[in-house]
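Chains here go by letter, A, B, C and D, matching the order in which they are written, and residues are numbered from 1 within each.
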Amino acid sequence: GRFGEYGGRYVPESLIGACRQVEEAFRSAWADPAFRNQLAGLLATHVGRPTPLTPAVRLSAELGVTLLLKREDLTHTGSHKINNVIGQALLATRMGHKRLIAETGAGQHGVATATAAAMFGLSATVFMGERDIERQALNVFRMRMLGAEVVPVRTGARTLKDATSEAMRHWVGATEDSYYCMGSVLGPMPYPWMVREFQRVIGDEARRQCATALPAAVPDYVVACVGGGSNAAGTFAGFVDTTAKLVGVEAEGGAGATRGTLGVLHGVRSMFLQDDDGQVLEAHSIAAGLDYPGIGPEHVHLRDLGRARYVTVDDAEVVDAVVRLARTEGIVAALESAHAVAWVIRAAADGTLPAGSTVLLTLSGRGDKDISALKELL
Amino acid sequence: MKLPSDHKILMPYLTGGAVADWTDHLRALVDAGADAIEIGLPFSDPTLDGATIQEATHAALTRGATLRGILTRVSEVAGTVPLVASTYANLVVRDRAFCSNLRDAGFDGLIVPDLPLEECAEFENQDLDLVLLASPATTDERLDEIARRSRGFVYAVTVMGTTGERETLAASAADLARRLTTRSDLPVLLGFGISTPAQAAQAAQLADGVVIGAAIMRRVLDGAAPAELGAYLRSIREAMDEG
Amino acid sequence: GRFGEYGGRYVPESLIGACRQVEEAFRSAWADPAFRNQLAGLLATHVGRPTPLTPAVRLSAELGVTLLLKREDLTHTGSHKINNVIGQALLATRMGHKRLIAETGAGQHGVATATAAAMFGLSATVFMGERDIERQALNVFRMRMLGAEVVPVRTGARTLKDATSEAMRHWVGATEDSYYCMGSVLGPMPYPWMVREFQRVIGDEARRQCATALPAAVPDYVVACVGGGSNAAGTFAGFVDTTAKLVGVEAEGGAGATRGTLGVLHGVRSMFLQDDDGQVLEAHSIAAGLDYPGIGPEHVHLRDLGRARYVTVDDAEVVDAVVRLARTEGIVAALESAHAVAWVIRAAADGTLPAGSTVLLTLSGRGDKDISALKELL
Amino acid sequence: MKLPSDHKILMPYLTGGAVADWTDHLRALVDAGADAIEIGLPFSDPTLDGATIQEATHAALTRGATLRGILTRVSEVAGTVPLVASTYANLVVRDRAFCSNLRDAGFDGLIVPDLPLEECAEFENQDLDLVLLASPATTDERLDEIARRSRGFVYAVTVMGTTGERETLAASAADLARRLTTRSDLPVLLGFGISTPAQAAQAAQLADGVVIGAAIMRRVLDGAAPAELGAYLRSIREAMDEG
């Protein structure tokens, strides 16, 4: 249950049994070809997998590199979140649960969870900070339209971190009939591992697609944005055994790997933004999906091993990257995903990415949700 | 730590730094018959706490309470009854000197609700007693292990839920207490949801003692003076001693 | 250049040459395997084709029919519009044009056009009624972010019909360097035919997918919503030579086929909503994409032949259908697409669709754009 | 229709029903030397018209102008000079009696800008002369066909654009006029963008006459009295006749 010294299961005794059941169920399901086939079928028919690999022809020409985009923005509900949620909802059904519990920040994971719940005929209870509820009223409405219950969280800064705490509190009293559907490679074991496995479809597909699209079969660089880090974890999983250099791009104000220190939060030992007294800080990013003060434990492990590196970009670079990608490729990326684009643009300009490099970049989601925010900014 | 074996143990809880005069409250609790005191070291994300202790934690952090400040205040009052710190794993994991600092300030034990059996090994065998928790969902096999590895006492969580006052003592408490007391040589203290003298008396029948947390902090947050808090604890004490 | 007595090229003499050039270029391109391959490649890498066929398992069970959804909502930019626009932009490039001209109502075709223009490095000028610009500020911003020029149209009711007129006026003076990118199976020849050909990928894919998904290989019914009718035309094209019954679902307030009379507008002879004096009326629908007073000429022809039937649903049925599909399948459909869903729900209930029928329904777009409107309504 | 062959033809345009006293304007135009009048029958979506005639059309429809009403008014004034209706294909296509109704009201010809060669066959050989249009982009081969099939006159559109006043006569006008006059036995009238006496004189040199539309309607919409409009047309007439 560890990634090096990170990971673990730092949960109250009351949740130990539930976590173990999830782990056992997942191990059994993941080893069961019937489950894998059913999941693969759902990802094909309901999510739109495989997602395309799009050569960013015009931006590549401008940057002097070959940039390939793995298009998670084209999935149902518009981001990679759905891959994981469909997997977990299928697992919950297999376990006999009738309800999904989830936390959400901007609402993407909440919408994905509500979507999967509707598909499987489960009920869904989504915890969301009151401040996020105000800021993301449309996603709240969307969840409710999909039949989910959205519970406002009024503690702390009333954002994602508090919503996660409240969801875990709720789960303590509801383990009998409810399944906790974690949105990223965070939380107690088996979540960081399980969520990575459900997301590795991104990396596995991209690996196969690169083998066709690139003469060298494997890209020189594999780049993905990192909040908790699930799209990056899934992408990296497909390339960790290759020569590709792995780069995770964090938000300047939510850089768990780059600025965090050792800690435990929401059940997992990893790196977190915290003050000198060990109080966990609020993250601040233009991208709500990166607005979490920690990072998945496997990322810290990959960093310690030297297998992946983690970098940051600032909000201004991100906004520029959204516009540049839109103008050159006709793709309006999510602000989260644009972090990865921003780093590639900067790295190509300053020589960090040598001219002629081949780069696979996971475009984790679409920017529709960010249009109002961008309108204010531009 | 040394807990009395001649009567039922009463361990009230206080959030360190939640109000300015919290050590006055602490003294009042000792005077009112506390056998030990659990002192909460505030953490930004108290995931096993209900609304009251969350509020107390928030109040402490808002007032600028720090670990160092709390330890200083504790060292001034230590020595009368055993003191047990409770906090979350983050504070423990990040600082190698954490346990020794607590011991130096006068703490005798440590409760970390999100440090279960699987993760506690590196914090055992310190000078500080690491108190383990058991819950109604804990299997017998795990209870054996918890009873074996806990130090000072075993904290039996009465409900599948967070800290906080409840109308009645959970039915799950009796079963857990029974399963645990037959396994443990250490005292078994029941906690979570105990707030009235009647509940305390009932709980004390089932085990070796009780922890009173949210009911205390509700009063503290509502502005109860130390004497008032002492009177409340005395009513608990009396109910427990009468059985 | 005709579908029976409908279609034609009712344009000013000034546009005859340009229309002929488009037709010749399209005929040549469509017969050129290199063009077809290039287009197919772009649809795969940039649009996300093939789109899945999703069995609507839970809704099917409720309705007593087998409902399969062709998921155009999962394409890049979120609706079938992109299929056509990529085709036309590729054609424009082949013709040596540097600019796309388009009309747009709610902004979906405008966004698709701006997207394709960015992909191909073309400039784009999008005409949009001033009233629609106010109502759809986010889509306007999106087009501009993609690099398109959005020109407000202040004539008439300042909506789609006026925007189309203004775009055609503009084209008269810009035929040398600009390509008119029509958004539906409307306009002068070759547009209704060309746009149908670019959209037939929907029907062709669905036909192949049905052959696998259905024991009978072909569904009993093929249903699609109809405004101008491009998603329906593309869908029907794949099934017109089968036994499947074709059903086009119009908006009560924009029912060109059901309520229209013979006329000519924007270059094409077809059916239009008009008053006794031959003045064309404004359409009124909850779904902006169906807010056009006419219908493509091929649809009128299919109706006259008895090969397809056209029906209407009202706004209330549409809103109910959006919610029902969301709750049962986790899919928030565009209000346009929900017209087709609404008819299936009604037809299954009243026996028009016999129990056990198999139904292919083209879900032409996603409902993200409609969330604000739905929030007001629900 | 019979158009004069002894002098340059001047055909002003009026939108039927744009203002209440539009037939007074019509009479004033005849009195000022118009050889024929083009009367626009308002259509909701005038796709080949620029801002001025769009506005006039909108004004007419807003005032409640109808085809029937306009025909009634026309029948009262018909008989002095040839009258040519102009409108869009929608009105023509939807009503089999359209052309005969126009003829009965006193019209002599019909201009339908969105009814090109390809689509006009079903409306030829009526009692009404169907006037065809040519544009600068029209090929020689098409010009031959247009010249052959047009009736009454040929309408040469001077610019690749919509109706409306322009600063100068388009350069494309001369080329089109040259190509067309050599092909057509019918008079060739130049239209679109002619508004000043100088432009009219220049255009009249190139062909058999001119059509003045937006410049007239601009004045009508601005409230010009019939006499004022007549004075304007007379200035055009004089410039053309002087050459």
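The criterion applied here is as follows: a residue touches a chain if its C-beta (ideal position, glycine included) is under 8 Å from a C-beta of that chain, and two chains touch if they have at least 3 such contacts.
As the structure is a computational prediction, the values presented were derived from the model and not from experiment.
Peer 1: Approximately how many whole Å separate the CA-defined centres of chain C and chain D?
Peer 2: Those two chain centres are 37 Å apart.
Peer 1: Would you kindly tell me how far, in whole Å, the mean C-alpha position of chain C lies from that of chain A?
Peer 2: Their C-alpha centroids are separated by 34 Å.
Peer 1: If you average the Cα atoms of chain B and of chain C to get two centres, how far apart are those centres in Å?
Peer 2: Comparing mean C-alpha positions, chain C is 66 Å from chain B.
Peer 1: What's the distance between the Cα centroids of chain B and chain D, rounded to whole Å?
Peer 2: 97
Peer 1: By residue number and range, which residues of chain D touch two or more other chains?
Peer 2: none
Peer 1: What kind of graph do the touching chains make: line, ring, star, complete, other?
Peer 2: Here the contact pattern is a line, an open path with two ends.
Peer 1: For this entry, which pairs of chains touch?
Peer 2: A-B, A-C, C-D
Peer 1: Within the complex, which stretch of chain C touches chain D?
Peer 2: Residue list for chain C touching chain D: 1, 8-14, 16-18, 155-156, 161-162, 165, 168-169, 172-173, 175, 261-267, 269, 272, 274, 277-280.
Peer 1: Help me check something: in the complex, which residues belonging to chain B touch chain A?
Peer 2: Touch residues, chain B against chain A: 42-50, 54, 58, 61, 66-68, 88-91, 93-95, 113-119, 132-139, 142, 146, 157, 159-162.
Peer 1: Using the touch rule from the top, collect the residues of chain C that touch chain A in their complex.
Peer 2: These residues of chain C touch chain A: 44-48, 51-55, 58, 71, 73-76, 78, 114-119, 121, 137-138, 141-142, 145-147, 322-323, 326-332, 368, 371-372, 374-375, 378.
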